[in-house]
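See structure below.
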């Protein structure tokens, strides 16, 4: 039994490779399309002649054939060398590593809130198809889907911070006055808890509310719509009709439906999570949140292309990891998947 | 009886690696002009696959196919549409509802093969379409209807009309009456028999329903797991089957009380009720 | 009812985009520093921004940037997506597997990542934003059309067309695609909504549209700065119109989706 | 068959469906029939005759568009139409059980079959989970599954088609119901699988003195497998009689027409005759009193206006609803 499971896991791990290779090729091509020649750009300091630029090009390997350059580039990546950011001065890899938890914090927090609100609503709507409640949920889902992340963010700040001052000032992860706790997981909320620094914890948690709420509202519509669709399909199936006909109690019938809706729901969450990685960029800008999205945006404005390139690779890697996790969870939720693959 | 269609050593496999399975494993079929041949077997026996191969809608892996003495097996199913014999071999599908483009009216669907293969246009085309639909026993006011506006029986007749419009010499019917109610089925069986006689059209009936095959065909080939296990005149095979599979198939058929002719033809005749 | 109201809303927006400038009470670009940051009034329905420009006129003018950009992106992605999807769905085999793999990789990049990369590589312009939005929506069309065509490939009426001597081009172009056109239309209307969302989102973070071209995302971005000083109207007007536009498109998509999904067809 | 108090009594059952595009379809019209304990009754009708709706009505599994407008259903004397939902839940599986068409898809695809059977037992009185699992394995053995203990841990997709049919029957019989309804349970199955399923049902019915209601469009199957046959046309019961009698001395024109349309061992193409026309649209306003009117060659004005009265034979076994029976 577990032989097929192991081969399933291995096969799924292999599916991650094309995504990573694709990402590397994509960033390589993008870098090569740059309007400015990076060497000329870097060597444009005073008194640098043509010879210096040529020397720099050789050092950067830009004079070699494209495949060789790609090989060199890929080799560097494997060693974690994402190049240097001249805006922050340190290696891009380090910058991204520090900022990744902040972005994941938002995406996970947002998805969690969306799930806690969206799934019950989706399930309830599926249990009463066509009812007023169902139509209301669907209309809310369509409206939610139409709300851009930045509009939600902007007006939440206006309402909760400016008008009602429930929420703290939307600038960064923690109150500037407080000293950030020692970095353990990179998740400020957890690190401050670990450090037992309650004031930092309260401030970090408070500052997380609005941005995660923005992300949550952004994800609520797809979560609700897809949960409803998965449940409606499950509830309309033959095995549910026959389990009712066999006199099984309602909560067991519902459990049968939920279990069968498991795999599609997990796939849905994987899809929405990767979709939210994109939304991060906007929300991080609105809330001045120090995530990789904001980092890439600053890099773009300052033409610091190594930072942009690093951001693309990290997002692709996170996406590949999320997909792998989704595949494995689906394999656990629906026994047919590992055996059929 | 001149031989119209001949296939020898037909083999067709699906799946690859250790899942590779032969749906058709070495089958020979001969169909004479105007003959009614039955291809009987249960689901998964490969009978439908053979039907698709004969109609040149599906490529076979091995074996040769001769139509009217001419080799037609070499040309792939994808390019069959442009072959001269395309109009000569037609097929009627089991799911009559799914066999019609939902956007077109019945007469437009029947006109398609005529337009493409016999290049008839204008009045000649309309006349040919109406003739085919009349011959299939469809009421005139239904000609312009869309498929979803017709009943199962009407759709079956429309499917037959489209298939005979080109006057093919070989017609393959995959479970033609499986989706129909008994009350409508008898009408379709009569129609098919008349068409075969009037148009001297060879018909190959692919079905699992032995009772339907018994009343419609003169010769039967019984299939199991991709092979022909028994072949012969319908009367002999059904009366005294030689192969154990055929015996088991016939034994599983619900037994009707054995009586001479119909229970109700001779009022008050003493009938021997076959003990349960 | 729902279907009618969203169609009406949509018609309003299309009219807005076409007749925009002629109808706008003021010139969207004209400064009037005197009546700077005025709240909404009879003269200025959406109030004025920091440079005294009429926010309502600018929002109207912005429709001329956003809607054509969204339409261009959707047309581009649907044309390419439908033909590639149809080919994969109909032919299957190697081409289907390879395209499937490429689509999986494309799905790995959320919109903003692709937009950031394209803008970095090709420069910060609206065309690149349209290109990015098109690239992002491409996989949805390819997967949708591929699945719908593959599902219908074995249906009777496709085989009947082959029996009638129709070539593959006829079958894909005249039989299969017309039959899935309604489903594609639903995806297009949903996509238009997303495209407007994407374009405005990108220009909110400064990608694509450069000031002073009026664009909903950019207008909201300008307005955002004045929120914290109490001038809420600068951002509110454009945000409302933006949400309404996206809502109109997605509503039509959502309702049409019910119309065509097998469940409601019963 | 000694005359016992009927297990199931249905009187004048009428049911209507609210149609999505408006209007109401009267799917069942005054249906009355009984099933004696251990009796095997067949309800034969064409597609759209309302036979499957009747089965769902017995178990009160109809969706909210359906409304029972008249009639009475009693099982072992208990009134089903007014039973509470909780009571119905107890009755389903324990007193009334049903197998639907394509039984294989009625199994929960991602739950082991042993556990599914145990669920039914636990829902109907079995207290301990271990006892439920043991009895589940016994059930699997009883329906002819070899190595039942190991198979109990299998998922449905790991079983062959035939085995899945057997598991579904084990599920239906787990709480030893008094009446098993097979609603087109063998339609679409191969003839050999159909024979296996019908043998299994027959054998289990006799072993647990359980009555069976076979709902089918196949008159030949009904004739071979059941003691009595009731024929339904467009929601009206037209005739019911012991199987052999119905085949040889049917009195209703529709039953006669069905007999001459059904191909069987002795039939030839010549004596096969289709029934003209179609079953009427039960939502139409001008529905004749006898709904076979449009297709009947013995119809008179009376059939259009006056609902056909049921007349029974001397011993009450043969009932026909027709103004001009044969």
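To keep things simple, chains are lettered A, B, C and D as they appear, and every chain counts its residues starting from 1.
One rule holds in what follows: a residue touches a chain if its C-beta (ideal position, glycine included) is under 8 Å from a C-beta of that chain, and two chains touch if they have at least 3 such contacts.
By chain, with names taken from UniProt: A, C = ABC transporter permease; B = ATP-binding cassette domain-containing protein; D = ABC transporter ATP-binding protein.
Being a predicted model, the structure only gives us computed values, none of them experimental.
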| item | value |
| --- | --- |
| Chains touching both chain B and chain D | none |
| Which of B-C and A-D has more C-beta contact pairs | A-D |
| Whole-Å separation of chain centres (CA-atom averages), chain C against chain D | 53 |
| Between chain B and chain C, centroid-to-centroid distance (C-alpha), Å | 50 |
| Interchain centroid distance [CA atoms averaged], chain A/chain B, Å | 56 |
| Contact graph of the chains (line, ring, star, complete, other) | ring |
| Every chain pair meeting the contact rule | A-C, A-D, B-C, B-D |
| Contact set on chain B toward chain C in their complex | 55, 57, 77-78, 80-82, 86-87, 90-91, 93, 95-96, 98-103, 109, 112-113, 116-117, 162-163 |
| Contact set on chain C toward chain A in their complex | 101-102, 104-113, 116-123, 193, 197, 200-201, 204-207, 217, 220-221, 223-224, 227-228, 230, 232, 235-236, 239, 242-243, 246-247, 250-251, 254, 263 |
| Chain C - residues contacting chain B, complex | 155-157, 159-168, 175, 178-179 |
| Chain A partner contacts - residues on chain D that touch it in the complex | 59, 61, 89-94, 97-100, 102, 105-111, 119-120, 123-124, 155, 157-158, 168, 171-172, 174-175 |
| Residues of chain A touching chain D in the complex | 237-239, 241-250, 252, 256, 259-260, 262, 333-336, 339-340 |
